[in-house]
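Below are structures written as structure tokens.
Below are two complexes that have chain A in common, paired first with chain B and then with chain C.
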Partner chain A sequence: MLSAAFASQLINLCAAVLLLLSFSMLAQRRTVALVNLFTLQGLALAASTLVVAASTGQNHLYYSAALTFALKVLLLPWILHRLIRRLDVQWETEGRLNVSVTMIVGLLVVIFAFGLAEPISALATTVTRSTLGIALGVVLLAFLMMITRSKAVSQVVGFLAMENGLFFAATSATYGMPMLIELGIALDVLVAVLVLGVFFFQIREQFDSLDLQHFESLKEK
Partner chain B sequence: MELAALLASPLAGALILGLLGARSFAPELNAAFSLATFLAACAVTLTVVAQGPMLLWNDQFFLDPFNVFLVALTAFVGFTTALFSRSYMHVECDQGRLNPGRMRLFHSMYQLLSFTMLLALLANNMGVLWVALEAATLSTVLLVSLYRTAASLESAWKYFILCGVGIALALFGTILLYFAAERLLGAEGMSSLLWTRLNEVKEQLEPQVLALAFVFLLVGYGTKVGLAPLHNWLPDAHAEGPTPISAVLSGLLLNVALYAVIRCKVLVEGSLHSQLPGQMLMGFGLLSALLAAFFLWRQRDIKRLFAYSSIEHMGIATFAFGMGGPIANFAALLHMTVHSLTKSAIFFAVGHAAQKAGTQVMDDIRGLVALSPTVGWGLMLGTIAILGVPPFGVFASEFLILTTAMREQPWAPPILLCALGVAFAAIFSRVQPMVFGEATGKRLAHTPALVPVFVHLAMVLSLGLYIPPYLADWYRQAAVLIGGAGQ
Partner chain C sequence: MSAAAIPAILNQLLELVLALLAAPLFLGWVNQCRAWLQNRSAPSIWLPYRNLEKLFQKDAVIAENASWLFRAAPYVMFGSMALAAAIIPSLGTALPSAIVADAIALVGLFATARVFVSLAAMDIGTSFGTLGARRAMMIGFLAEPALLMVIFTASLISASTSLAAIAEALVGRELVLYPSLGFAAVAFLLVLLAENARIPIDNPATHLELTMIHEAMLLEYSARHLALLEWASALKLFNYAAIGFALFLPWGMARGDAGVVELMFGVPILALKLLMAGAGLALIETLSAKVRIFRAPEFLATAFLLAVLGMLVHLLLGS
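Entry: the complex of A and B
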């Protein structure tokens, strides 16, 4: 058992790192670097879950920390890197991204998230309650990232970062969802990445590119 | 026991068809698995008729008046769609639009989709409900892009991203729900997410948390229902995917998503003691119905036309659930049932019509009655039924919704009538020349499978004239369960 004060410092540190990583993902143009940032985010998530587990003695959180580590630090980044190599898009960068505007919008989004989470945090009894605002911030930043990207791989990384934020929210508000549900969610995420991996190849075969700006035909005229 | 069979049959089907789905007998095998699922659903339904609602397997699964008829409906439409896809997919293969590998994918994913929908309906646990709905999205993504055309890939991507984001928001709502439950019930693990458990204590759940949770749940699951303004994925996914998938998406998956929204609404309304959730449902419902009705005018693709009509009808059902009270809920449940039957029948007829004409563009489809009277009349009757002409069941449910709205929410009927009128004019003026105009198409090599169309339409007709007592009983009990304004 860690001392409560020290543990809460550590958790806050992890939360801050998560938020910082979300912002750097928002500003990152290169797809490969984006996947690396996602790996780091997974690591911070696993670390914070581990600290919560150690400080509260919630045994199932050890499993969920291990699951996070295996899935989000090892397996998913490996799959994504492999996909990027096989699709030959290592040097792909996001062209139309306006970093400064995106960052300012991101700041506003985080303030909004804190405002939204405030009354919920006040009701929580967990040691991690102050981080609920950050968790929601991470979710909304990932959402923003998906909107601003036009590369298929970056959108998927955004989707996964969103799931990271949700997982963090579950840990900070309630010490994690029941284990079986968490396993179900992890399975869905894994399947989603595999399905999208297949999908990338189909898109490239059809469009000769993974840039979604080619997707214009289905707008309502 | 029956429940195990009901869930095991489509799951086994998904695995076996994953191995054998490319063989020439795969469509028959697919239909056989769907038949097994349907028979198991019948057995389950009969048990419920005999013994009443039940909780099973450590309370993790349940059958109550609200989900039992949806289970039966899902299994039934799943079976008839499998029959339809047998002949439809043969033609697609012969025309060279699909190869055996993709047939394998189609059959396997079709069974998986049935499994996930049944799991979502039967699960008592709100977390399992979420996992099942997400899995349902994933199993349909690759089906929407089955033809690998540019448009189908685009629509599948849109479908995945929009529904993926939507369902992620619903997960946040579920986390908040769990948070509120844990505060009240203590750390009970799995059992604090059980719907029946939450329903018992809903009065004491923290209203502030539940209000926020409901916003996320409504937007999240609402995306999958196709509620405006998050409906964009729906017409694309319906138009570009193979027709059997359009039929089950429209007829079943939208219902399952709406079912999830209503389950959440019951809990939140109990906790809030206010009309807020109902008002939100009414707002989103009316907006969807109205927006869809006007978008109907701009459609050139026949499957897009009927996809927008699905948005309209889901909007009407959502509005009725929002009004609440025994009569409106009853009407909404009836509307879900008849819409599901009618819309899947229409998609069957549309599928054959598009194959005959070799196009989905409405201007190029003409004279179906001359080419094939059954397809033409099937489409015409289906259209009349969906437009709410008496004596079909859709008329009964829409009439009930309108009369209740006149009494409870006098501001709403003009908007509803406007949506219904615009939709009537838009759809009828398109379908009429397609059915009765000068013939242009060619004969099909295969005989179309139209038995499902007429069976569905006959059921809709009979529901308009006479609702079997046990079904009416379920509707009534479910309507009380769902509650709302009139309680």
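Entry: the complex of A and C
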């Protein structure tokens, strides 16, 4: 067991790192670097879950930390890297992304999330309650990332980052979801990535590109 | 005069003299590290002093259409930097002059120096001077809010905007992990690089016309004016390093009630910090490439964002 004060400092640190990584993902133009940042985010998430587990003695959180590590640090990045190699988009960048404006909007979104979470954290009794605002911020930033991106792979990374945020929210609000639900979500995410991987190839076959802007001219003339 | 006032006044004098003397040395150390990292044979660490000595001995040449502003700017710049060095605690937190001006006034001092040098650069009417001045003002107006936010984050933790009081509060506490200060530290590093014409934004080692910012403003200066401006730039870098130490690495600084002995212990600790900071700065400059001027707003928006995030994280997590 860790001492409560030190554990809460460590959790706060992990939360801050998660938020920082969300912002760097928002600002990252290169797809490969985006996947690496997602890996780091998974690592921070696993670390924070581990700290919560060690400080509260909730045994099921150890399993969920291990699951997070296996899925989000090892398996999903491996699948994504493989997909990127197979699709031959290693050097793909988001050319039209306006980083400064996106980041300022991201900042407003985070302020909104913090304000939103404050009354909820005031009611909660967990040691992690103050990080709820950050968890909501990570979710909304991932949303923003999906909105601003036009490449298919980055959108999928945005979707996965959103799941990271939700998982973190669950850990900080109620010490995690029941194991069964967690397993179900993990499986869902895995299947989603596999199915979207198949989609990528279909999209490329149809449009000769993974740029989703092409979807807008889909209607028949 | 009370017994406690003597170390304070000694501290004040020592800090000012040390800053004036050590600033060119610090610059020389950074240049030396840079040369080593880039596989060049390094210039002497004393080179900035020799350069200053050479420039002070020359006769000044001033353009015919120069106004008083052109002549006054080097003195204003040097004066503001020396005054800033007197406000920033580097050896001990008992600074009599810290009561006069807080961190916000310090940012104002930096702004005064910037405005005067930019105006002087435009005074002659050459295109390079104007170009450099405009770029410097752009960088400055983006970097300033970020710097203020960094200082506000530290002030929130210590409930004061006076740098001496902030350092006093931070050096006195037990070791606590402050994620907010981490954010602020990264933001401060970005501001330091941009404000001191360091590599991702400007290259301090070149007179290559179209990319320079700081050097372009000094093109028309010669002799003692140039010497003062170069000394002031070195002092500015030293000041920024000292602000960084006061906010993020205050350990080893003499507390308010410390005696002369603790103050003297501060000198080697400060030297050690400067050695590390200089090596780190050279490493950053070697590893990064200069960004296009149009990417500079992005760079500084990141700094601003990190600083504001630091503040928000502090408000949310209370740490």
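Criterion: the second predicted complex is superposed on the first by the 216 of 221 C-alpha atoms of A that agree within 3 Å, B and C clash if a C-alpha of one lies under 4 Å from a C-alpha of the other, contacts with A are read in each partner's own complex, and residues count from 1 in each chain.
Throughout what follows, a residue touches a chain if its C-beta (ideal position, glycine included) is under 8 Å from a C-beta of that chain, and two chains touch if they have at least 3 such contacts.
Every value quoted in this text rests on a predicted model; they were computed, and no experiment measured them.
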Clash-or-fit label for the pair chain B, chain C on chain A: fit
Looking at the overlay, does A:180 come into contact with chain B only (first), chain C only (second), both, or neither? first
Spot which of chain B and chain C makes contact with more residues of chain A, would you? B
Could you say whether A:124 touches chain B, chain C, both of them, or neither, answering first, second, both or neither? first
Considering only the touch criterion stated at the top, classify A:143 as touching first (chain B), second (chain C), both, or neither. first
Using the touch definition from the top, say if A:23 reaches chain B (first), chain C (second), both or neither. second
Give one of first, second, both or neither to describe whether A:33 is in contact with chain B, with chain C, with both, or with none. neither
After the fit on chain A, how big is the angle at chain A between chain B and chain C, using C-alpha centres and going to the nearest 10 degrees? 150
Touch check for A:4: first (chain B), second (chain C), both, or neither? neither
For A:205, decide between first (touching chain B), second (touching chain C), both and neither. first
In the overlay, answer first, second, both or neither for which of chain B and chain C A:170 touches. first
Could you state the shortest Cα distance, in Å, between chain B and chain C after the structures are superposed? 19
In the complex formed with chain B, which residues of chain A make contact? 116, 119-120, 123-125, 136, 139, 143, 146, 152, 155, 159, 162-163, 166, 169-170, 173-175, 177-181, 184-185, 187-188, 191-192, 195-196, 198-199, 202-203, 205-207, 212, 214-215, 217-218, 220-221
In their shared complex, chain A is touched by residues of chain C numbered 176-177, 179-180, 182-183, 297-298, 301-302, 305-306, 308-309, 312-313, 315-319
Which positions of chain B touch chain A when the two form their complex? 125, 127-128, 130-131, 134-135, 138, 141-142, 145, 148-151, 153-158, 160-161, 164-165, 168, 171-172, 174-176, 178-179, 182-183, 187, 189-190, 193, 206, 208-209, 212, 236, 295, 298
Which positions of chain A touch chain C when the two form their complex? 9-10, 12-13, 15-17, 19-20, 23, 27, 99-100, 103-104, 106-107, 110-111, 114, 118, 130-131, 133-134
